[in-house]
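Each chain gets a letter, A, B, C and D, in the order it is written, and its residues are counted from 1.
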Amino acid sequence: MAHILKTDNLTKSFGGLLAVNNVSIKVDEGSITGLIGPNGSGKTTLFNVISGALKADSGKTYFDGKRIDGLPCHLIYKAGLVRTFQVPRLFQKMTVLDNMLIAARGLVGERLTVTFFQSWAWKRQEEGLIKKALAILEMLDLYHQRKNLAGNLSGGQMKLLEMGRALMADPKMLLLDEPAAGVSPLVVDKIFEKIVELRQSLGLTFFIIEHRIETLFNYTDRVIVMFKGQVIAEGKGKELVEDPKVIDVYLGEY
Amino acid sequence: MSLNIAQILFNSLLTGSLYVLAAIGLTLTYGILKFPNVAHAEFITFGAYFAYTVADIWKLGFPSGAAAAFVVTGILGVATHLFLFGPLIKKGASILHLTVASIGYGIVLRYAMQEVWGRKDLYFSAYYPGFDVGPLRVTLLWLSFIFLAVAVVAIFHLLLTETKIGRAMRATSNNPSLAQASGIDTKMIIMLVWFLGSALAGLGGVMKASDTRITPVLGWNVLIMSFASVIFGGVGSIYGTILAGYILGFVENLGVIVLVALGLSTEYRFLLGFFVLVCALIFAPQGIAGITFRSIRKRWRAVG
Amino acid sequence: MVNIENFILDMFIYVGIFGVLSISLNLEYGFTGLWNFGKVAFYMIGAYTSAIITTLGQPFYIGFAAGVVVSSLAGLLISLPALRLREDYLGILTLVFGEIIRIILKNEYWLGGPLGIRGIPSITPAGLDYTTTLLVQLASITVIAAVCYLVAYRLIHSPFGRVIRGIREDELATASLGKNTFRYKASIFAISSAMAGIAGAFMGQYVTSITPDQFMPFVSFTVWMMVMLGGFANIEGAFLGAFLYIGFERAARIAKDYLLLPIDPNNLMFILTGLLILIFVFLRPQGLLKENKVRDYKGV
Amino acid sequence: MTMQRGSNVKGIGTAAAAGLAVVLLIVGIAAGYFAGAATVAPVTTTQTQTVTSTKTVGAEATITQTVTQTVTQPVTQTVTQTATSTVTRTVTATATAAAGLPDKVRIGVLLPLSGELGAIGQRMLYGAHIAAKIVNDSGGIGGRPVQIVAEDTAAVPDKALDAVKKLIEVQGVQVIVGPATSVEVATIAKYLNDRKVPAISMSATAAALSNLAKQYGDTYFWRVVGSDSIQARAIADIMKQKDFKRIVTFVVSNDYGIGMEQMILAQPGIKERHVLAIRYDPTKGDYRTELEQVKAANPDVIFYALWVESGKIVFRQALDLGLEKIPTMGGEGMADEAFFEDPRAADYMVKTGLFGTRPTYDPNTYSYQIFYKMHQQLYGAEPSLFADYTYDATMVAILAVAHAGVYEGAKIKNALALTGQYYIGATGMKALDPATGDLLSQDYLIWRVELKDGKPVYNFNYGSWSLGAGVVWK
């Protein structure tokens, strides 16, 4: 299997603190890969660096064969890499449907000339997009909320909507930062089942940060473990449980 | 006769001292509460008017006027927090709403002061003759200006580094929620910050007024340069603000020479200060406290 | 010889001018979240550009067009460094930008100097009686305001409007969804500066005289108050806010003749304005009208 | 403005009598004008006019006033003809009701009652009220009382525009006194022309305002104060006469200061003597480095054009910095006793022997005494800067209404040109040029700050300047 995402000695520091230290990882195309590590081990920072929210101090990132480090967020999105956030960053004063539509690719209505002089063009385009958005919302059990403001959703629904929003963007790969945080245990499994389902139906690649190790081990192909900014282990769930390094720094705390 | 450079440096020190006094309070509240308090200008004005009332209407003398202004303006600041900004923050007002509220509050205060003290300019009757020290022409007032600013700087330095309360203040400024989690009574600290910040503004107002005149727009005229010092120095950074205040004072006074040589109005002097500020914003948005050579190079690349 | 209708017509002309300014600020702050405390700068640039060109003998439409283009370019120019800044720094920087422009205009004699430019040709033909003149002017500003309203309407009820709202809510999330946020912010700055420019150009020919003192920072604050009254992110509210504020100001000027107060009426008016702001911040921070929706999605 | 205290008018028992007298004088002059309009030479050449008025006031006293006034039109510099006419009238107290006037004659007043100039504006308003009281105490204009309607402009152009619109549209005012600053005038001038309502300013001195009439096709802006262009000439003449070779100008950065600087530099022979120009920001309150620059330029005179508020600070800091050895000059704005409120500023003015120009008028005249006494009586204070000019502007407005006989802006405007020639105001003869609305002539006295009994005073007898005679030292 080809590697869709590859990092080469990525490093990012804040002041004196090395949040990401020489991280080199590979993610297989079409896989579900997990990323774990105790709090402050640099997982979210790694996501931020990969997705362009932060600029790496050094190192390279390749996505789909192209170098993407140093590119701004919106160009990384264009390449097909879309992310979600640990705390959902929804547009709270916009409706659920608007939150979905904003993520769509190639919206002609975002061009000023079209906005002013060809409103029929974007309206026609959006008819199709609305259908697609509603289908995703239905799948995520958010259809009934479609006209509500995103700010009025519950925490779990926000998580789902954020994932839906990412799906709306037709990504090749999704970076999910704790997609099941703050969600009731019943829903957690549902979310991960959806992820597996999506991988099968759309052929997406997932790279997921998750705290619930059991869940992660059940649904992922491979798991990467970070500690103090460095990758200390990677492999299949069961192998990792037996890895003394992992037990030491991470599982030991549990 | 050529230009007396020593005197111009001394003038810069004077200009800078005022900015420092006016700006320290601003940087404290800006740093902790994250919004620019525009009504700070009115604290400056209020200090001047109150000192005038004590010194020249009640005839208790200039020093006691200044002291009273320090205390009472401080109390005004605390009251402002208790009755206005505190409740607003509790209601979850955004930074913008706090800023707009401070504009509205400033308008109320300014015109209330105008109603109480009238529009006519007032003057302190205290008189300080000038004398020569080497190449310098100084007055006791100017010296006390500089002395006061230096004293405030020194006291703040000791307060921040040597006392428990000072460390708590710094911690609160850096990260209020973390400070609260680690057992610091942030409410008390914020109150203290309001008191000190406003009291210093009042003192700055007394100084500015004793050098010039007392008018309802006294503080407003100082405010923009105070903001410049705060941002240039890095919001919340007291040392940065002090340094920035003196740098801006220096740039301004040097600028006057350049402007006059070019035949331009010295009204442009405030633009020179701002030119420095804008460069600072672009190349070192954390203020001079956060400047390193690398950060400058990085910003330069980002802009270029 | 009382002509109260003239006073009211004149008031509505100003409601139009400030309504356009409020729309432009609403686009910047209400929809995009950009703090612009220097609205007056672009108003001033529009007014001066148009005034200089029309006093040189060019017809008014060339002056208006030039005013729009120059202030729009100025908006674009300032946005290049400014939009990279934190929101409150952006506010302070734009505030200072306005002061810089004003001080330059005041000190440069070839740009009018402290007394500004007089004798700007009016768009109304000479010889009309005053009320008719006002009606013509009111009709013109109505057309201008309607065009600006339409531009804003199209902008905010479109995918473009969705993106700028996204930038306001969460810039990083918007960028992560593939939007070049800088380009959007710069476009909004240019468009709203153009609107402020045409408001200025219109005001110049209406008063036929402009002076730097007309463009103090307080004008920007006034526009903020109007937007705040009418409602953030609501383009109809922009006009409502302008109407309420200007109406309040004019009514207060008349009312003070009939009230005997122990307090100076001018002070009182400012104190009331300040209190009004505080009351709104406390009780209705979002303003009178609710935010405009992107779309209604009828039938969905 | 300041004045010498001693009164030379004897025999006036009460202020009310004095007020009555002035009104009678005014009405009499008005009547006299219509009677003798044909005999008055048109004001196109230089003329010297002596007006002697004698009137009887009740049984108490008989007052004779003689005012000699030289009226010089600045455009014709070469004096070709001098006509002297003496008008003597005896006025009796008969007031005839003017049929064309409303029940109350409203005089609109635009002044900065708040803002930076708020303090001075409030005191200028006294002048307008005094004029109204004097006229009303003696029965108003033909039995119709005068009412002052004041509006605040805060010296902000937009507010001035709002205020004037309210006066004209809502209250139907047909004649306006003010506004105070040139910037406000420039902003409202077109509107005044549109509405055909004349405004008479008491203190807008910018030279550029003389073009307004040409620009808008009609004269709806008038002023009872001389344009800066005449004063600049006087100042330049004095500078040359004193043979200053290194001149520094130190002006406030607004229309008054910059305008003054530009006008003086435009006078022949000044540019080459000028070594340094400083325009300062009045809100700054910190002029030490500017003054240091002045010191370094080593001038033999500093010319100041500044207003009292920031001016006091400049003078105080100049003294503190040891600039008291450089002689100083100033414009009319500095002949204001408010400067002496600050002992250090006063000290500086005395030490440098500050002298300057001011429109001439004799505080000993009967007209000034009327105003002065009334001011003392009503407000218990010395008249402040421009209160007297406000008084004159209001009187001219009232007179013009009386002349016109109807309360209608266009007619009042037409009456203004003629009214001015016959009105001898507190601040002198107010002959107005119908083509520009400007004061036709303005002579200047040269004042100097001196020490008298240990107190700083203005010596208004230091010298004088007029177009014909040039600089004369006394």
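Basically, a contact is a pair of C-beta atoms (placed from the backbone, for glycine too) under 8 Å apart; a residue touches a chain by one contact, two chains touch by 3 or more.
Since we're looking at a predicted model, the values are computed, not measured.
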Chain C reached from chain B - shortest hop count over touching chains: 1
Innermost chain, where centres are averages of C-alpha coordinates: C
Most widely separated chain from chain B, with each centre as the mean of CA atoms: A
Distance between chain centroids, defined by C-alpha means - chain A, chain B (Å): 46
Intercentroid distance (Cα basis), chain D paired with chain B, Å: 42
Interchain centroid distance [CA atoms averaged], chain A/chain D, Å: 77
Residues of chain C whose C-beta touches two or more other chains: 106-107, 264, 267
Chain B residues counted as touching two or more neighbouring chains: 114, 264-265, 267, 270
Touching two or more other chains - residue numbers and ranges from chain A: none
Chain contact graph, described as a line, ring, star, complete graph or other shape: other
Chain pairs that touch, as defined at the top of this document: A-C, B-C, B-D, C-D
Residues of chain C that touch chain D when the two form their complex: 1-4, 6-7, 10, 106-107, 109, 113-116, 118-119, 122, 130, 133, 207-211, 213-214, 216, 219, 249-250, 253-254, 264, 266-267
Parts of chain B lying in touch with chain C, wherever the complex brings them together: 35-36, 84, 87-88, 91, 93-97, 99-101, 103-112, 114-115, 224, 227, 231, 264-265, 267-268, 270-271, 274, 277-278, 281-282, 285, 302-303
Contact set on chain C toward chain A in their complex: 151, 154-155, 158-160, 162-163, 165-166, 169-170, 172-181, 187, 233, 291, 293-295, 297, 300
List of chain B residues in touch with chain D within their complex: 1-4, 7-8, 11-12, 14-15, 18, 114, 118-121, 123, 127, 130, 132, 137, 139, 142, 208, 211-213, 215, 217, 221, 253, 256-257, 260, 263-267, 269-270
Interface residues, chain D side, partner chain B - complex: 114, 116, 118-119, 122, 253, 258, 276-281, 283-286, 288-290, 292-293, 295-296, 298, 309, 312-313, 319-322, 341-344
